[in-house]
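In this document, chain identifiers A, B and C correspond to the written order of the chains, with residue numbering beginning at 1 in each.
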Amino acid sequence: MRWLFPLVLLGLLLAFPPIAAATGLEFYQGLLSKIMIFALAASSLNLILGYGGMVSFGHAAYFGLGAYTVAILMREGVSSGWVIWAAAVGLSALVALLIGAISLRTRGIYFIMITLAFAQMIYYLVVSFKQYGGEDGLRARRPEFGLFELNDTALYYLTLGVLLFSLYLLHRLVHSRFGRVLQAIRENEARALALGYPVFYFQLVAFVLAGAMAGLAGVLMAHYTQYASPNLLAWQQSGHLMMMVILGGVGQFWGGVLGAVVLSVVEEVLQDLTIHWQLGVGLILLLIVLFAPKGLAGLSRRGT
Amino acid sequence: MLPSLFVEQVLNGFQFGLMLFLLAAGLTLVLGIMDTINLAHGSLYMIGAYLTATLVGTTGNFWLAVPLAVLGTALIGMLLELSVLRQLYQRDHLSQVLATFALILIINEVVRMIWGSQPLLLSTPEALSGPVELLPGLYYPAFRLVIIGVGLLVALLLFWLVNRTKVGMWLRAGASNREMAQAMGVPIKPLFTLLFGVGAGLSAIAGAFLGPILAVQIGMGESILILAFVVIVIGGIGSIKGALVGALLVGFVDTAGRAFLPLLLSQVASPEVASNLGPALASILIYLLMAVVLFLKPQGLFPVRT
Amino acid sequence: MSLLELKGLSKQFGGLLAVNGCNLQVAAGEVHALIGPNGAGKTTLINLIAGVLPPSQGEVRFQGENITHLPAHARVHRGLARTFQITNLFKNYTVRTNLELAVQARSGSSFRFWQPVAREKHLTEAALAVAEQVGLAARFETVVGRLSHGEQRQLEVALALASKPRLLLLDEPMAGLGAQESERMVGLIAQLRQRHTILLVEHDMGAVFRLAQRISVLVYGQVIASGSPAEIRANPEVHRAYLGDEGGAA
């Protein structure tokens, strides 16, 4: 019975595009695509933040790099979707490896600051390249995959498929040996070390996996908007992703997805209501942090 | 020509560094004593600038506006501490980051609601808008000299406060060991509200004086906030001395880097590489500096706690 | 050849010399107690041996191998397991999960990303065996936060045991225990000494003299005496420095 609700939901998601086309709700198809992309990005952050206990304030870097790799490669004449995807995810993973290798030697506030600083570095570096759009961002046509054309509907299904598959991988990961150790490290690092676990390497692997996953989300974002925006790299974006994780539930499996859904919906609703919608978002976030720190997924659990 | 450019940039770096110090000082004490990350610190800087601009508009007098704006911002800071920040002291860093991030969003929008989206005009006071001849042939804007003066004065006052007064002793005790300080009878709660107010006031001074040079606009707090964090990480969390050294370092490197790096690069590389890479490297220079410092001294240059 | 050998080990913290040219040998199969006044550097020494702190000078040799620069987690795999003086467990996990984690660390690589760890029944079996050995089987599914202090100290020892150690570093296992619990702990350690070499840091002199075959006395970061319990009891320097007497009889 536990599977009924998710199954129905999945069915609705699969059936949505033709329904949308028939009822003129194409806008919502696009919105769903965007939500799913953020769900992927937020889930990747949840891996290191929620399960790993690493407060990375620079996760937007990998998200944005994924998008920019698409835009820059398309600009430079590479048009195969396969190559672009591999390059984008690979680059995000590589950058995460380099940043993680340095940052994970620090702890606490220093870790937060150094991850933020590295993300800032990447932001300024990317934005300084005038030939790739500078502060205006860069247009990104959708690439070719040979088997199908990447129109809006195809992108929707592709995004849904990638999200589901990634969540499946994430599920296996958190329940594996690796996942258990990662969470143990979050619980008590000194104890994990005393048991013989090389803490640094576990955290680094998680960091790289999360970076790769965020890069993949960035790729999809570039396809969806057909554009690579510097905003994707901005530290406010890192905050935005963190907001989703805490809204949905830090360290809860569906935390990233729930948070992305709720925050995106809230943003859409508020944006229609007032030009000062960020005030609403800020207030909601503040209230959640002060009064419901376990997020929405945590609300359904009883006791501790 | 080059020596005067050099001197000018050195003075600019010094001036920027001193203003950064005002921001960093409040931040480092809060982080050092209460182990609390406050991202909204930059918002207080912004409020200081906005209040100054408005008061200059109504009173027509810069020197009247500044103290009033500083006072107003200090009060707002204390209100924030009493209402929101106080709830965060016992919480984890993630909660503090998110809660104060929320404050940034809220404050930005409130400012937008009151003053609108357009940047405010805050001009340098009439009397100081001209250059001063420091040495024969070497001119420097009078206003920037005044900033240096104000910065030095405030820095001296702060050092006196922290090192020579009872309150300062309490602060230093709290910074190196909070529980012990509390056990010894230091009144942590009101001390902290006061500290917050002082930090807000310092940020307001920086906002008031940098306002005429940079723009008074929504979001001006965020960019300088990150610099302030870089400063205190380099200087060592909880250390005023570290904040000063870090701020001057960052001020110099950032200013000189932006001025000279493109020039240097154009000597060794093609003009188009220089024009691209120069500004890019200049903007990441301080982050590289931070990475290097942290690599050599992971707790910063003058760590307060071992 | 000793199982563990410390040669001229020193640790400096700024101006403080916590461990000062310490020499110590622990023979295989023995229970070697380390005693000394508060602040003598005992826990620092344990941290040095465990690899949590790097020494300023000197060498740590284990089974003939120089492990001075080996990181802490690697030493566990060489057979060195330690307990903490201040209980340091996974408080939100059950006794079972705590032990399974300890067992898992020594059962092959944990860089496995696919198979659910819950399927590895052998981990649970091994964990239960250790729990039984220390007398915690009845509390196997209890969350650590709900255990009594005595039970938590038992779990500390259990975790070290689960690491399949050659040498057990027990840092004040009796800390905070009442009379009955202390008895139980002494019984447990007595049991363990049949199969394990133990370096025991303790303040409880009764337990020390009952359990130890050799005793070393640490004062101001140096070993001032090392020998059988009888020798130590009779040693005037030890009396002066530690037991407080002035050359009196045992």
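Just so we're on the same page, a contact is a pair of C-beta atoms (placed from the backbone, for glycine too) under 8 Å apart; a residue touches a chain by one contact, two chains touch by 3 or more.
Every value quoted in this text rests on a predicted model; they were computed, and no experiment measured them.
Chemist: Whose C-alpha centre lies nearest the centre of all protein C-alpha atoms?
Modeler: A
Chemist: Taking each chain's centre as the mean of its CA atoms, which one is farthest from the centre of chain C?
Modeler: Chain B.
Chemist: Where's the contact count highest, between which chains?
Modeler: A-B
Chemist: Can you work out the whole-Å distance between the CA centroids of chain A and chain C?
Modeler: 44
Chemist: Quick check: how many Å separate the C-alpha centres of chain B and chain C?
Modeler: 49
Chemist: Just how far, in Å, is the C-alpha centre of chain B from the one of chain A?
Modeler: Between these chains, centre-to-centre, one finds 32 Å.
Chemist: Would you pull the chain A residues touching chain C in the complex into a rising list?
Modeler: Those in contact with chain C are residues 172-173, 175-181, 184, 187-188, 190-199, 201-202, 205.
Chemist: Once bound in the complex, which stretches of chain C touch chain A?
Modeler: 50, 52, 71-74, 76-77, 81-82, 84, 88-93, 101-102, 104-106, 109-118, 120, 159, 163
Chemist: Can you list the residues on chain A that touch chain B in the complex?
Modeler: Within the complex, chain A touches chain B at residues 49, 55, 57, 102, 105-106, 108-110, 112-114, 116-118, 120-121, 124-125, 128-131, 235-236, 239, 242-243, 246, 250, 276, 278-279, 281-283, 285-286, 289-290, 293.
Chemist: Spell out the residues on chain B that touch chain A in their complex, using ranges where they run on.
Modeler: Chain B residues touching chain A: 31, 37, 84, 87, 91, 93-95, 97-99, 101-106, 108-110, 112-113, 222, 226, 229-230, 233, 237, 276-277, 279-280, 283-284, 287-288, 290-291, 294-295, 298-299.
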